[in-house]
């Protein structure tokens, strides 16, 4: 099965989808269902986070089980800044992104010297390290997390900001994937040894991807903290890393819209099922297992070995 | 062109390279032969940068490359092919070579411009494919090629790196006579462009291709010379116990 | 810090280390031999603890509870291996991660459905719940000594099993070259099931023994699983010796860290250790595979 290194531009349906989303708040308000604007914002935010992980896993072949570290760090950065009186999103969010990027650079520099099973376990371990570190710092709220004094941006404005960032993320991913960097990254996924032998600085490429993915996860975490009005340790914990991976799988690994589709599906599942059955995660587990085991090309198609 | 002095590499208690000295002259085809376990592959790995030697130096075109990483050596002009064919199986043949071509242009840190717009690179890739005779297969997945064709693709990748020294680790391995013939003539063509250092068991090919042969036994070179001189060398005959030489 | 306190901490570190060894031994074998990551390893630990609690509540004997927990979990492990894990051996690592993550979800919810979200009681056996006077004036909990003894016993047993028996040889053969082992007549499928079941049994033992000390509740497996991963990374994938050394290191560093350092530093001490080992030896201290 041949894999193309080039991602073509999306068709007209993409413009339709964005337009529909742009009209969504007005439509929701019309039907008195403003609650769903918040849900839609959550889907967009998690979609951005899942897309950043998709860059790593789907395009780069790096299975990271520690992406929550960057996601949660972005959230906590915003909360910590708000605590110090910096509530304006356009100041707080870039800082959150930078903090997450630096963390990703540090963790990546250590973890990317390893591969395969080691890499998975090490990313998990480092993410847990961040979790324990944050939870043990009183100033960050410990087990209870940190609340934002004020949101700093209206709900509707937050939705539109998320939408714009989501569109940028998808567009950015395509341009990145099609550029020399993206090709090289996919080459690393396909055959890392061969890439080295042909003269690519493989470690640097992987580290760049890891840092970019971390930064984008950071800003999505920042958005989530603003939306929720708080940053909780759950955002740093390993189940969060797992949830992001599940979104990537459900949506399609290495597929450009995979992150968003997966986020929408998973959050919709939670929204629909959890009021009816407190053990709805059992259904999720079974569905996930079935998808993985009986996977059509979907799962295996875009992945590297190991 | 390549000067190896006192190379030592140990794995546990075994010395795969034990005070290895070797010299490769620019423009020649230099073959390394030896019985199994002599350390031939280890030698290639140390020259390519896949393994770091425990002691000794490797100098390429007068420059000490012993501590350089693999990609730095490729930039310096040393490239290798793999013992077990290693190409980008799921990618199109053209994409395979295009990647190698684009490696030279530092394109991997271009984050915005679509790479397919790099007409020069793709043109170059096609020309290389033409040289190795794979132009017709450019659009197919590399994994769909026959074993011999994949070997030729590997040659194309090596050519794309514009290497001046090409390290070939058993290029004839697993080929039938027709494919071996094709590869030998391809290597004859390649030598116009780069120096070849190859490790090989196929004595027929070695004696046809090589300008000079070095014989490696227990991690050191026991003899270097023209094919004729090596054939006549008593020490070499003894080391081989006749099995490979008469093949 | 007094000598008694130091000795107590040392023993605590040893005890934690040995329990981690029980977890890590099975895990490193699966990682090394089957090249498969199993996130659900912690769920087997949890299953062992819950089975022990349930049987103890019914039968009143801790010994019976432990035996039942170990046997039951080994059986569940074997079933899990034959149904799900076997399908994952040849798959890519992402699939393995997600499938075993799914098992965690299923296991946690199933346990929650049966026993509820609150912790379940598994009390220390009456006879062993008091302290023991190891040295004049130095008291140490008897139960923790039981854990140390059990851990050491298992370590010795495993070492003998893997090094000196034919079964151990088969395991190592299957690890280094599966096809060759099969040609030689080793039933690799059954071997893998047995290896997995033994790993599950060890988890269950750890779960049952630690039950009285730690809370038996949903999600207990994952926190110790991550420690087990750290142990395997430090010790080297596929090496029981590495798991032993790594587990003791982690146990001691974690315990000492909590006693000596600020809470923030203490909680990350073992990860700093892991990073340090990786810097020096990226494949761990005793990598079994090349």
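Which chain is which? They are A, B and C, in the order written, and residues in each are numbered from 1.
Here is the rule we use: contacts are C-beta pairs under 8 Å (C-beta built on N, C-alpha and C of every residue); 3 or more make two chains touch, one makes a residue touch a chain.
If you're wondering where the values come from, they're calculated on a predicted model, not measured in any experiment.
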(message) Based on mean C-alpha positions, I'd like to know which chain lies farthest from chain C.
(response) B
(request) Please list the single chain whose C-alpha centre lies closest to the global protein C-alpha centre. (result) A
(request) Would you mind pulling out the distance in Å between where the CA atoms of chain A average out and where those of chain C do? (result) 31
(message) As a quick test, compute the distance in whole Å between the mean CA positions of chain A and chain B.
(response) 42
(request) Averaged over CA atoms, how far is the centre of chain B from the centre of chain C? Could you give it in whole Å? (result) 47
(request) Enumerate the contact residues on chain B facing chain A in the complex. (result) 48, 70-71, 74-75, 79-80, 82, 86-92, 95, 99-100, 102-105, 107-116, 118, 140-141, 157, 160-161
(message) If we count contacts the way the header does, which residues on chain A are in touch with chain C in the complex?
(response) 57, 63, 65, 110, 113-114, 116-118, 120-122, 124-126, 128-129, 132-133, 135-137, 238, 242, 245-246, 249, 253, 279, 281-282, 284-286, 288-289, 292-293, 295, 299-300, 303-306
(message) Taking the touch rule as given, give the residues of chain C at its contact with chain A in the complex, in rising order.
(response) 31, 35, 37, 84, 87, 91-95, 97-99, 101-106, 108-110, 112-113, 222, 226, 229-230, 232-233, 237, 263-264, 266-268, 271, 274-275, 278-279, 282-284
(request) Write out the stretch or stretches of chain A touching chain B in their complex. (result) 1-6, 175-176, 178-184, 187, 190-191, 193-202, 204-205, 208
